[in-house]
Amino acid sequence: MTFDVVRVRADFPILTREVNGHPLVYLDSANTSQKPAQVIKAMRMHNERHNGNVSRSVHTLGTEATSAYEDARGKVAAFVGASTPDEIVFTKNSTEAINLVAYSLGQHLALKPGDEIVISEMEHHSNIVPWQLLCERTGATLRWFGVTDEGRLAPDDDLINERTKIVSIVHMSNVLGTINDVSGIVARAHEVGALVLLDCSQSVPHLPVDVQALEADFIAFTGHKMLGPTGIGVLWGRYSLLAEMPPFLAGGSMIETVTMGGTTFAAPPARFEAGTPPIAEAVGLGAAVDYLTALGMEAVHQHEQDITAYALKTLTDVPGVEIFGPATPEGRGGTLSFGVDGVHPHDVGQVLDALGVEVRVGHHCAKPTCARFGVPAMTRASFYLYTTTDEIDALARGLDQVKKVFG
Amino acid sequence: MMLDGLYQEIILDHYKHPHGRGLRDPFNGEAHHVNPTCGDEITVRVSSAAGEFSDISYDGLGCSISQASASVLYELLRGRSPEDAAGIHEAFVALMQGRGQVEPDEDVLGDGIAFAGVAKFPARVKCALLPWMAFKDAAARAGIDVSSEASEVKA
Amino acid sequence: MTFDVVRVRADFPILTREVNGHPLVYLDSANTSQKPAQVIKAMRMHNERHNGNVSRSVHTLGTEATSAYEDARGKVAAFVGASTPDEIVFTKNSTEAINLVAYSLGQHLALKPGDEIVISEMEHHSNIVPWQLLCERTGATLRWFGVTDEGRLAPDDDLINERTKIVSIVHMSNVLGTINDVSGIVARAHEVGALVLLDCSQSVPHLPVDVQALEADFIAFTGHKMLGPTGIGVLWGRYSLLAEMPPFLAGGSMIETVTMGGTTFAAPPARFEAGTPPIAEAVGLGAAVDYLTALGMEAVHQHEQDITAYALKTLTDVPGVEIFGPATPEGRGGTLSFGVDGVHPHDVGQVLDALGVEVRVGHHCAKPTCARFGVPAMTRASFYLYTTTDEIDALARGLDQVKKVFG
Amino acid sequence: MMLDGLYQEIILDHYKHPHGRGLRDPFNGEAHHVNPTCGDEITVRVSSAAGEFSDISYDGLGCSISQASASVLYELLRGRSPEDAAGIHEAFVALMQGRGQVEPDEDVLGDGIAFAGVAKFPARVKCALLPWMAFKDAAARAGIDVSSEASEVKA
């Protein structure tokens, strides 16, 4: 079966839209993806027919809503190869998932001065700042892998050592597109007794990801980047670890029993899902996972590899364009950041937008990555299963226009 | 869901006239379980002698399903060997978690077959299992293992 | 203008549904409310036409999404009388809002042994457990107002004193229906220099709430109980206080600048909105606020007062039914918990559900309140702008049936 | 949005040939501002003498709008009294925050009127205001208040 991008596009209502009189060319999926009609409909149907609160009611609507919510958990668990749906904690986004681990695991490990946490210089702010704050609270030290000129993690043999307690690394960079081969890092971390979180916000939407194969202890990802709605993210964690960790947010639904004098907590995942969860959002995410599964993540990834190869070639041919990150499709995904000689990314993005081409400009919530390459900002085009080579051509034409305006 | 499948006459009977209710001494193991979603509670005690559960006593607050389930448990497991109890326990848990697809065996489950309809009410499965999970824990504390793979799954 | 409940009901698609062969009688709005077509449509339109990530893109979709998100903030601000939209922080639910205050304000005030936090015995778990954990972390002491037999806060003159640092009280109880007259408590707290959070999860959906009139320092509420979607909650806080508080969740969008060595934070509300926020959910909440505003909160409240009066009278006439909480509509809202003599709430709820009547049973995430009244669980019927007297009659008929089954 | 309103010839001119760019000594106050959403940065210095802003110098990294805005600021405010500068500052901020509804006064804003179109691009308003907010801060650090109600609002 070849990947039928035209048929895929027909499922995305927004792709029929025009922007500034041009057909929408949406090249900002690493920021947030568009949503297929199947996802939008699943949420609407839930709200129109089955809405009730979960885990609290014996009535029919409550039971239907609970089943829908737990079915979504099961789908997400299967999608990433979790051993049991109980390893899937629904959060509000990746950022909350990472904060949850920083807080609860940090407390569980009783971090103290002398302990070390290892991240990298290509992390999203959401995988930097929670660790900085954890280090501030506990006196632990933050260390990090550097990044090579090619946009890969710089090997550093001594970085992970017997002082290391937590390693948190991005699986696929949201700026450079690099897909990190994390197996060595995971093995080394486990060798020294450290635990590993992988920020899979950019990988789970685009590649087949299997938590058993990754061998990490936690992964975080986010619904809105994988055809799902805003308002929902996912933490996967090994059940035995989740079961040992203290709660993070506290309140309804995460308790076993409460008296004014004290509280005991429910088992995971409930322990980490305080308050009314994003119910309709879980239903939407479940529908997104169904959609991706039906196409097959291998096929989705292959399509993006093809587009990326085409885009790398096309952009390399545009004079004055410099690409940050791996120059060939090997070990990288469909997220391409670049500079246009003498033109600020804001201006690049603005001219492209006038032509209907939507790219992200700025620091991409990864200021250290930009700093590593000596620029305050970059322009980024990022692709997904609905991206076509025609859209890459539109981007290239747009860049010619940019150079005309600022020539 | 209609009620007929849920409130079998047998269940209402056990609810209104529970068998073996009340906590008794002596005992070898005790466990207190709570259903966190509804607040129901049960305490189960087991005493073992001569290789069997010589008594099982219980007390608790709960709905008709959980109370009747405790009464049936008492009837089914008292006087049994750990092996027999494990088999019955497993059969009951399997029935409850079968979403109404499991055909109960009256020879094994006795009055317990009346709970077949409960399996179709996901919100009530936990009620039916509450005493059984507490029993398993109480037995474990008495040093008797009634686990089986089927009863490992979360209540 | 009289309140036209028939017209209101026509806006709620789910109300045409049947449950177990009976027309749906939804009496569980304190758990989660149903959503009008206007809200469902606003979210769908957003996802089909304007989806983009916020505050990060200069492109048209990003700008539209940002405007939609910030417009929603403005609507919510106006709805509760905030001085500026910057006082509105979007969270994932009330529970996160309360946890945010417990964490950030707790840190800002540098709580220590000897300090006291005051809550009450009629709080939702979400307004108990975060404070218990804060006390555990800091050594502060948790104290609380008791509850009278009538379901009102028991006066206690010494409870709030110079050791008190934070007072967090429910505005309207989700179990007893009590609307607490908080003015005395707020005044007393401010007199001793303590700060006040009001848990308005049940009041904002049902009464006119004005933060200026309440004079509290923070209020928390939640989208899904006020016709809005799941996945979004609100913290309102005085800007000057928010501006002093350290962040809670950390990551993208809440920073000013990030280096590997350290981070500075954005001004509120961004400081407290780490990661991609619930964007479509904010749009839905904005539409919900528009809907409520168009009807008028006074009218909504009056309708519920009428329904409550009718329900109190009707249920009092059912033999064997005991009502927990205020017996008359004065100073209470449309949330009515009760016991049926000799029948466990689970069984009450199950029989009612068989008749299409959806009530909540259990501890309602307020175990101490149940304990106060000596029961492990209650049955609760809760009303909203779409509730009719016919539905109350259906409830009463259902209770007769309950007594038949368990007689 | 189409570009014509945004990239006025005057703006591109100031961008390509900025006036007064570069940090100079001596100065009485300095401020460094960052646009957190895009990472643009600017440093502004003011020196005051004889009751006027005798020099305003700046350096930074940013897009055409923010760079041109700094150049225009230099032209408009250098040599002005604090009162005059406050008035111009207020007019520029009001123009930027007017969502395209404010009619700019060329007598007050000079080349600044070219920024009228920027007000229709909410994402770019912050770019245009970045130097102006940094200037206000730098002036404050030099002990000179150029606040006015309109410029109090958040950039």
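To keep things simple, chains are lettered A, B, C and D as they appear, and every chain counts its residues starting from 1.
Please note the rule applied: contacts are C-beta pairs under 8 Å (C-beta built on N, C-alpha and C of every residue); 3 or more make two chains touch, one makes a residue touch a chain.
Computed from a prediction, not measured in an experiment: that's the story for all the values here.
The chain with its Cα centre farthest from the Cα centre of chain C is D. Across A-B and A-D, it is A-D that has more C-beta pairs touching.
Mean C-alpha position of chain C lies 44 Å from that of chain D.
Centre to centre, using the average C-alpha position, chain B and chain C are separated by 37 Å. Residue positions 1, 37-39, 121, 124 of chain D are each in touch with at least two other chains.
For chain C, residues that reach two or more other chains under the stated contact definition are 20, 56-58, 60, 62, 255, 257, 346, 350, 353, 361-362, 367. Residues 1-3, 6-7, 12, 37-41, 61-65, 67, 121, 124, 127 of chain B are the ones touching chain C in the complex.
The touching residues of chain C, counted against chain B in their complex, run 20-21, 344-347, 350-351, 353-354, 361-363, 367, 370, 376-377, 405-406. Chain B makes touch with chain A in their complex at residues 1, 34, 36-39, 121-124, 154.
Looking at the complex, you find that chain C touches chain A at residues 13-14, 17, 19-20, 24, 26, 28, 31-32, 34-35, 39-40, 43-44, 47-49, 51-53, 56-62, 92-96, 98-99, 121, 124-130, 132-133, 142, 144, 222, 224, 229-233, 247, 249-255, 257-260, 262-263, 274-281, 346, 349-350, 352-353, 358-362, 365, 367-368, 371.
By the touch rule above, chain C contacts chain D in their complex via residues 55-58, 60, 62-63, 66-67, 86, 255-257, 266-267, 270.
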